[in-house]
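Paired with subunit B in one complex and with subunit C in the other, subunit A is shared by the two complexes that follow.
Now for the complex of A and B:
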């Protein structure tokens, strides 16, 4: 399969590393030979329709911080042009999230669909801003459109709902969907240390962004709740429909009191047809949502199976490549491969 | 889709109830109209190629304990003959498990495959005795063969591994796979009451069989580990390959000591290419396998996603119909429906 990768940060590099390390497995088990014919980053692009040498490309990108330095790389070459000009089956859209405009990912995805190319993305921006439009465009153009990595990182939340619980009506989705806030709350509870100190340490460890506002204030979780509402519950939800309270007002004292009562404070997102909400909630210890550290967890309320929960790592380039690769294999098989 | 149901105990009745209650949902969301053209129980069969009236059939079966009393029912009519004679797309094999011979389920499944009919089963017996043979026969005959309900009840353990974690190499599967023993251990730990008393109460509540040996001695879990080893890890494992220790020697004292150390005693099954084992193990409180009551839980060790766990109800006719119906919808879609 001929693949274009747009965005070559941690996730773009992560999926390429998986292609290199798992080449034998992908060929033997799934009959899949991924051929990366173009990679675009913020500085430009490199194209080779015979397939790029990924180990060399990864080396170049790590030493010089851009793929442009790779032989044949073109500074200033735009993603939209590469999508149009390069012959390929599928585009990975892995640029950073912008939740207000969805750009530049939104434009990349539309252009790819219009060009008849399948799309796999981890980018929450386009999904939050224009889910219905993209979903319709994919159907109209007859292309596959997958976004497993946008919610839950390595945890296959959307696939579980859509593929494995298909006989159920889902009445509610509840989730701990942000690893950064979960890490902060877990450490506050264990050590009684104020939030600001843990945030600073988390930033040093690379577990929190320089500007952690989107995580701390619950906006990242609200984006994921919006995506789940639209893709799993079939709603037409906007980010502004989600009532959001973040974790800023949670004190170490509050986490201690919760713990003494056999509870944990978690930032929980809820998606129901009559309620979209993100807020700190008490979760009993031993409940599937009472996961620690950077773990994510999601519980589905169902008419037949009653309650199914899934847990795993919600971030990390290697972990997330599990979802990106899962989408790719699924598309490969659905095309008869 | 024209369906034959073999076995009309709790699961057979459960899936028929789901067909009745969810007829609109199945048609609207999945374009699926299940038409049950024959039902066979231990006394005989009832056939109607135009489709049986399920509410009436359920009523008859509940009042007279057999479908034979339904109009047109034939006492002594054999499942093997119905499978041969009745024109249908798919057979649900839901007879009781026999882990030594696999019969009568094994014969039913083979006959259905030979007749070109797709198979969905919850029956561990045939899967434990003859997995490779059945898997090969299904491929040779070009029929779909699904058995989600055989492991984990409502928890889609096999589907998660095969469909959603397909980019990963699975190095180990660990699971709490038997609701009865989990209920017993949970109550021993909470109440300090001896095993025999809880077993008697569980029998009265319908949570344990009259002869609970297969559960208590870990054999049921070992069957599920064998099925996972064969279907998910691609091994050629037999039940006798599993080292099994049950929970008989666990005392209330042991569960109390574990709890004081922040641990829980769980009957854990392990499937790895170099080890198949069932035995009581200490699991830290807060770990995804530390689930209480009749819950089941499974953790996969993976090369990309590291660790993914799933939890839910491992038994119950309504809960298990979630897996049976999921298999049916999946086959329906894979046939282009």
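Now for the complex of A and C:
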């Protein structure tokens, strides 16, 4: 399968590493031979229709911070042009998220669909801003559209809901969907340390962004709830429909009081047809959502299976490549591969 | 439940053992020494939870067998208890008023309150247990607390199980 990768940060590199490390496995078990024919980053692009040498590309990108330095790389070459010009089956759209405009990811995805290329993305921006539009465009163009990595990182939230649980009516999805805030709350509760100090440490460990506002104020979780509401519950929800309260006001004392009553404070997102909400909640110890550290956890309320919960790592390039690769294999099989 | 016991050592255990043996969960015990009966017996008021009526029946039979006199029996079915947290200037925004507003709902009572006062200038936290006679009243109490919290600029953290 001929693949274009747009965005070569942690996730772009992560999926390439998975292609290299799992080449034999993918061929043997799934009959899949991914051939990366173009990679675009913020500085430019590199194209080779015969297939790029991924170990070499990864090495170049590590040392010079851009793919442009790879043999034949073109500075200033734009993603939209690559999508138009390069003959490929599928595009990975892995650029940074912009939750207001969805750009540049939104433009990339639309262009790829119009060009008849299948799309896999981890980018929450386009999904939050224009889910319905993209979903219909994919159907109209007859291309596959997958976005498992946008919610839950490695945890197969969307795939589980849309595939394995498809015989159920899902009445509610609730989950701990942001690893950064879960890490902060877990440490506040264990050590009684103020939030600002833990945030600073989390930033040093690479667990929190330089500007952690989107995480702390619950916006990241709200984006995921919007995506789940649209993709799983079939709603037409916007980010502004989600009632959001973050964890900024949670103090170590509050976590202690919770703990004394056998509870933990978790930032929980809830998607129900009559309620979209993100807020700190008391979760009893031992409850499926009472997961610690950077873990994510999701519970589905269902008519047949009653309740199903899953938990796992919600972030990290290697972990997230599990979802990206899963989407690719899924598309490969659905195309008869 | 109120039971009358002889005012001699070893009587209380006679009254408690059957409750524990059949799985009753004792919540409180109060001696009513000032209400000693003319025969010199001591009324003891007990509050305990049972899973169902059958359990209560077995306990009552065992008490009778042990010779314990039960003089009053009141039942309250399906009490719902909700634990919540409030974060903010909980004390300065008159916590007494907050509690009174909840207790004003018939069948609702704030049964437990724990405060953690933040350092100077910082926000405090309170953990509250709200007991209600049924689920409907429990929801009513939570929604009243939500509107009080909004007015007083407090962050209300409710249980995932109360969603």
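In the analysis below, the second predicted complex is superposed on the first by the 337 of 337 C-alpha atoms of A that agree within 3 Å, B and C clash if a C-alpha of one lies under 4 Å from a C-alpha of the other, contacts with A are read in each partner's own complex, and residues count from 1 in each chain.
The working rule: a contact is a pair of C-beta atoms (placed from the backbone, for glycine too) under 8 Å apart; a residue touches a chain by one contact, two chains touch by 3 or more.
The structure presented is a predicted model; accordingly, all values stated were derived computationally and were not measured.
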Subunit B versus subunit C as contact partner of A:125, first or second or both or neither: neither
Subunit A: partner with more touched residues, subunit B or subunit C: B
Partner chain(s) touched by A:311 [first = subunit B, second = subunit C, both, neither]: first
First, second, both or neither for A:165, with subunit B first and subunit C second: first
Touching partner for A:22 - first (subunit B), second (subunit C), both, neither: first
Touched partner set for A:281, first subunit B, second subunit C, both or neither: second
Interfacial residue positions of subunit C with respect to subunit A in the complex: 83-85, 87-88, 114, 116-118, 122-127, 129, 155, 157-161, 163
Residues on subunit B engaged by subunit A in the complex (per definition of touch): 18, 22, 25-26, 30, 154-156, 159-160, 163-169, 285-286, 288, 290-292, 302-313, 318-319, 321-326, 328-330
Residue ranges of subunit A touching subunit C (in the complex, touch as defined): 174, 245, 249-251, 253-254, 256-258, 260-261, 263, 265-266, 268, 270, 279-284, 287, 289
